[in-house]
Amino acid sequence: MSSKVASMRDAVADLVRDGDTVAIEGFTHLISFAAGHEIIRQRKRDLTLARMTPDLIYDQMVAGGVARKLVFSWLGNPGVGGLNAIRRVTEGPDASLEMEEYSHFGMVARYTAGAMNLPFFPLRSYFETDLPKANPLIRPIESPYGDGTVYAVPPLRPDVTVIHAQRADARGNTQVWGLLGCQKEAAFAADRVIVVVEELVDEEVIRADPNRTIVPGIVVDAVVVEPFGAHPSYVQGHYDRDNRFYRDWDPISRDPALTQAWLDEWVHGVASRAEYAAKLGEERVTSLRPSAPAPSGVVDYGTYR
Amino acid sequence: MSSKVASMRDAVADLVRDGDTVAIEGFTHLISFAAGHEIIRQRKRDLTLARMTPDLIYDQMVAGGVARKLVFSWLGNPGVGGLNAIRRVTEGPDASLEMEEYSHFGMVARYTAGAMNLPFFPLRSYFETDLPKANPLIRPIESPYGDGTVYAVPPLRPDVTVIHAQRADARGNTQVWGLLGCQKEAAFAADRVIVVVEELVDEEVIRADPNRTIVPGIVVDAVVVEPFGAHPSYVQGHYDRDNRFYRDWDPISRDPALTQAWLDEWVHGVASRAEYAAKLGEERVTSLRPSAPAPSGVVDYGTYR
Amino acid sequence: MSEQKPVAAAEVGTGAPAAPAFSRNEMMIVAAARELAGQRVCFVGVGLPNIAVNLAKRTVSPDLELVYEAGVFGAEPARLPLSIGDPTIVTGATAVTSMLELFGYYLQRGLIDVGFLGAAQIDRFGNINTTVIGDYAHPKTRLPGSGGACEIAINARQVFVIMRQSARSFVERIDFRTSPGNLGGAENAARIRREQGWLGSGPSVVVTDLGIYHFDETGEMRLDSLHPGATLDEVRATMGWEPRVASDLATTPEPTAEELRLIREELDPEGMYTK
Amino acid sequence: MSEQKPVAAAEVGTGAPAAPAFSRNEMMIVAAARELAGQRVCFVGVGLPNIAVNLAKRTVSPDLELVYEAGVFGAEPARLPLSIGDPTIVTGATAVTSMLELFGYYLQRGLIDVGFLGAAQIDRFGNINTTVIGDYAHPKTRLPGSGGACEIAINARQVFVIMRQSARSFVERIDFRTSPGNLGGAENAARIRREQGWLGSGPSVVVTDLGIYHFDETGEMRLDSLHPGATLDEVRATMGWEPRVASDLATTPEPTAEELRLIREELDPEGMYTK
């Protein structure tokens, strides 16, 4: 029952090891850029980075030199363009980054198979596409009920999964609202789990609304309290997606020198997320706050003695 | 966008047909006895009744003569004993009720395969048990990754699924808190869905907390407003499980004459759930209310313009 | 419903057109939005589909249920999001679910009437490539990949495609088949859909900056409507095969004032999609 | 922690015992609860496991996380529920999930340390029948069936069994194998668990109204402790095989005053489980 609260530095130092498969999940929402930056700062090496949408965070991590391989389903800067640091090491004859590619449902199904300890997960995707040729781990499987063949994907069991959430208690019981992505599945599938939160709350807050819990403390190894840790991604009810940053990254990432300068300044040049937020400035941070609250309302669980 | 609100009589008359596979789901929580009683009252015939735990509701429906077959995973009156009306037609040489039997996870997996339009769902149960011999629909399937064999169950696609919930709007967007059982999966798996609620709410109540929605109106055909419709089962925050009723049913159900007298009085003898509740009496109903509220607290989704 | 009064007539097919009162991208978005009239549940993709669907909800199809692959059903976005995962699609939505449920219980279950896709390459049968240009292992251009496109193509009841037309994108042979369309033709595709238990019936419309295509009984794209200002020569110059053209080829009605106002003032004031 | 002071000594094995200060059912529940000392996450079944686990949480294992198959993790029930699905296990719990997730992400994933099972029949290797007595198609007695028992037996890290002992229940050959124990013996069982990727290691303890059994290196039940008042003759008379008995057979310490108070006043004031 002891507290799992740790600093990001300690959590990453203790739980992320060179050569690990790391999944920092969160579908547009709740992406732990703070954890990604700490992994770059600690110069981890040879990581296999799994994520449905590598997004800017893996573009930065690839540029930061931590990655050996990508496992993914959609590679882009949504609404803006490509991921330029990743393109530099995946296009042309000198492509050096290993790639393992699925569709969105395939990635979700892989995490689900991992979370359920299943040897495979079946889905109706892939038939008559070139994806099984590109990735021989996508394999056909015949229904035992005589109604044809579907494809299967293998379980994905990250060594470490990192998720960002609105709140957790000190034991790691974690609650999220808004987009849920595949964080629950990625956390249950993993060997080790780091939860990064906007707010550390008393156990009573969690227990008042148990249906809101997406990950129980029993699968969590460290709880890191880092408000604003998802920027430039967003946290429902806390801050908005910083679309300006997503657009600004495009020209930066097109130029290797600019990219390294950015990493030097914003990742290696700051010691923590608090420093990063301070450097970003109060005005920028404030501009991302929701314009008004939108309360959920209260439901009654009732007391039964 | 038109309202789907209907009386229980009309909903059952329109949507439940002789010979249908009907799933009234809810694991101890939110069992729609009101729908079960209306099906008995309308003397539907030859139904295949699917439910993880047939419970008193299917004992009554079997006694009421509506069933041809049971599909289930646990057959009992929890904490009390057996289901006596069902035992009378399943034991000994004259057993007349057809049975198709799984484990709990097997039933959940069947609904999930139905909800996902999958031809089968794999699970690690059943190996080295007699269940696949008893039910040839439980079939082995080899992992395409060379790591052995697991069992599969086929999809369950009820013609009609009935669920009870705390609240829905007129379009059928349904919210539940407390035990969720397999209602979501059973609803998505079905061809037609009846939702019975304690309370009809404005769409704005639903939209204020979209993470609480378990079934969207798009899969719902009728919304029936019947407070106390789950008694003697319970509704989190509204009323308690009536354990006295579960105990009282044991001696009643042991005697075929008493059972029929009970059905005559409490099912055929009342026209609606409101009459049933009135007959049960204000004192009994009041005694089942929670002793105090237990509010969930509020979360903030934020307004983003 | 919006008024159907055009703001300005662009000259059609006769020498140099006058400066049109709307851009080709605007025409494409408007034409795509109008195709959604009468549809009930639409899966919204990133980019052009995003603005087209949001325009449809404000014009021809106010009851349209917007589904976002990020896990949202019944969204009522107060602004046009840059990304398809944005806090504005969550606040006030009908339901928010995990992506396992969104892809499994909604899409693969067959609850989506229209899936909207973009494409880097498309062939005459509506097969789509969004993965690579060139060889897979050493591509000339690495594209985003499937995302949800492969499963949308297979499981949505109908597929709408929206994309700009060019000789590089409308090709005889796509470099990689990310999302199946009518495969090698309608007969073959129908058999495979039946045998595989697919719930989708494949591509039904392609809207480009030049015109609107539907699929004929052989499963091949057919030009049914040419946008104002576009010519058949332009169409031919931007396709890798000789296009089938409807005998009663129509001209797409121009954007209305209200449609243009919605795009320019509400949906895309910065002109990200329309410039 | 509770005091370990016994309230009364029941005479052991010498002629007619004096009226004991506790019932055999109470001793069974107390013995089962004590076996949970040091365990972390326990899956709570309906009936006797329910009261034993709730007693353990109030005595030897206050940090025990109670998991209910109905979908509850970290329950803090304010009363002993009759059914395992009861509103009191929800209010104040840590997490409430769908049963798909409970069985998939918690149980099959290997997060449950102890699964507690009851049984109608058990054999020497801990294989369990809760389905039928007699022939499956035309049973003499139709029992509840598996419920979650089959998957608990396979996936929980350890399995605890609690049941009253009788010649009809402790049998040489069970009529139906609902839940696998050590199959035909430890070697075979270990091989199958390894080959199948099972995370569970099978049955580890059986607590009856007469004594406590663990499983020896051959995978067979061995009587390690005899409850006060029970005799080896009684044990032999209520088993369908010749039981193995530990060379250092112990006597189970009697229930403490606090254990009895908790059972009688808090957990089962109506004596449903203990009479």
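By written order: A, B, C and D. Residues from 1 in each chain.
Convention: a residue touches a chain if its C-beta (ideal position, glycine included) is under 8 Å from a C-beta of that chain, and two chains touch if they have at least 3 such contacts.
Just so it is clear, the model here is predicted, and its values are computed rather than measured.
Peer 1: Among all the other chains, which ones are in touch with both subunit A and subunit D?
Peer 2: B
Peer 1: A-C or B-C: which has the larger count of contacting C-beta pairs?
Peer 2: Looking at A-C and B-C side by side, A-C shows more C-beta contacts.
Peer 1: Using mean CA coordinates as chain centres, what's the gap between subunit B and subunit D in Å?
Peer 2: Roughly 29 Å separates the two chain centres.
Peer 1: Can you compute the centre-to-centre distance for subunit B and subunit C, using the mean CA position of each chain? Integer Å is fine.
Peer 2: So the centre of subunit B lies 41 Å away from the centre of subunit C.
Peer 1: Determine the centre-to-centre distance between subunit C and subunit D, using the mean Cα coordinates as centres, and give it in whole Å.
Peer 2: 60
Peer 1: Listing for subunit B: what residues touch at least two other chains?
Peer 2: Answer for subunit B, listing residues that touch two or more other chains: 112, 117-119, 123-124, 147-148, 150, 177-178, 180, 184-185, 208, 211, 236-237, 240, 290, 294, 301-305.
Peer 1: So which stretches of subunit D touch two or more other chains?
Peer 2: Residues 72, 86-87, 90-92, 96-97, 104, 108, 155, 197.
Peer 1: On the basis of the stated criterion, which chains touch which? Give every pair.
Peer 2: According to the stated criterion, the contacting chain pairs are A-B, A-C, A-D, B-C, B-D.
Peer 1: Name, in rising order, each residue of subunit D that touches subunit A in their complex.
Peer 2: 40-41, 63, 65, 72-74, 76, 78-79, 86-88, 90-97, 101, 104-105, 108-111, 155, 197, 199
Peer 1: Mind listing the subunit C positions that touch subunit A in their complex?
Peer 2: It is residues 46-47, 50, 69-72, 81-87, 90-92, 96-100, 103-104, 107-108, 131, 136-151, 154-155, 176-180, 183, 192, 195-198, 272 of subunit C that touch subunit A.
Peer 1: With touch defined as at the start, can you tell me which subunit B residues reach subunit D in the complex?
Peer 2: 27-29, 52-53, 72-76, 78-80, 82, 86-87, 90-93, 95, 101-106, 108-109, 112, 123-131, 133-134, 147-150, 177-182, 184-185, 234, 236-237, 240-241, 243, 246, 290, 294
Peer 1: Quick one: which bits of subunit A touch subunit B in the complex? Just the residue numbers, please.
Peer 2: So the residues of subunit A touching subunit B come out as 117-124, 139-141, 143-145, 147-148, 150, 152, 154, 166, 175, 177-178, 180, 205, 208-209, 211-212, 236-238, 240, 290-305.
Peer 1: Could you pull out which subunit B residues touch subunit C in their complex?
Peer 2: Touch list, subunit B to subunit C: 1, 112, 115-119, 173, 184-185, 188, 203, 206-208, 210-211, 213, 216-219, 301-305.
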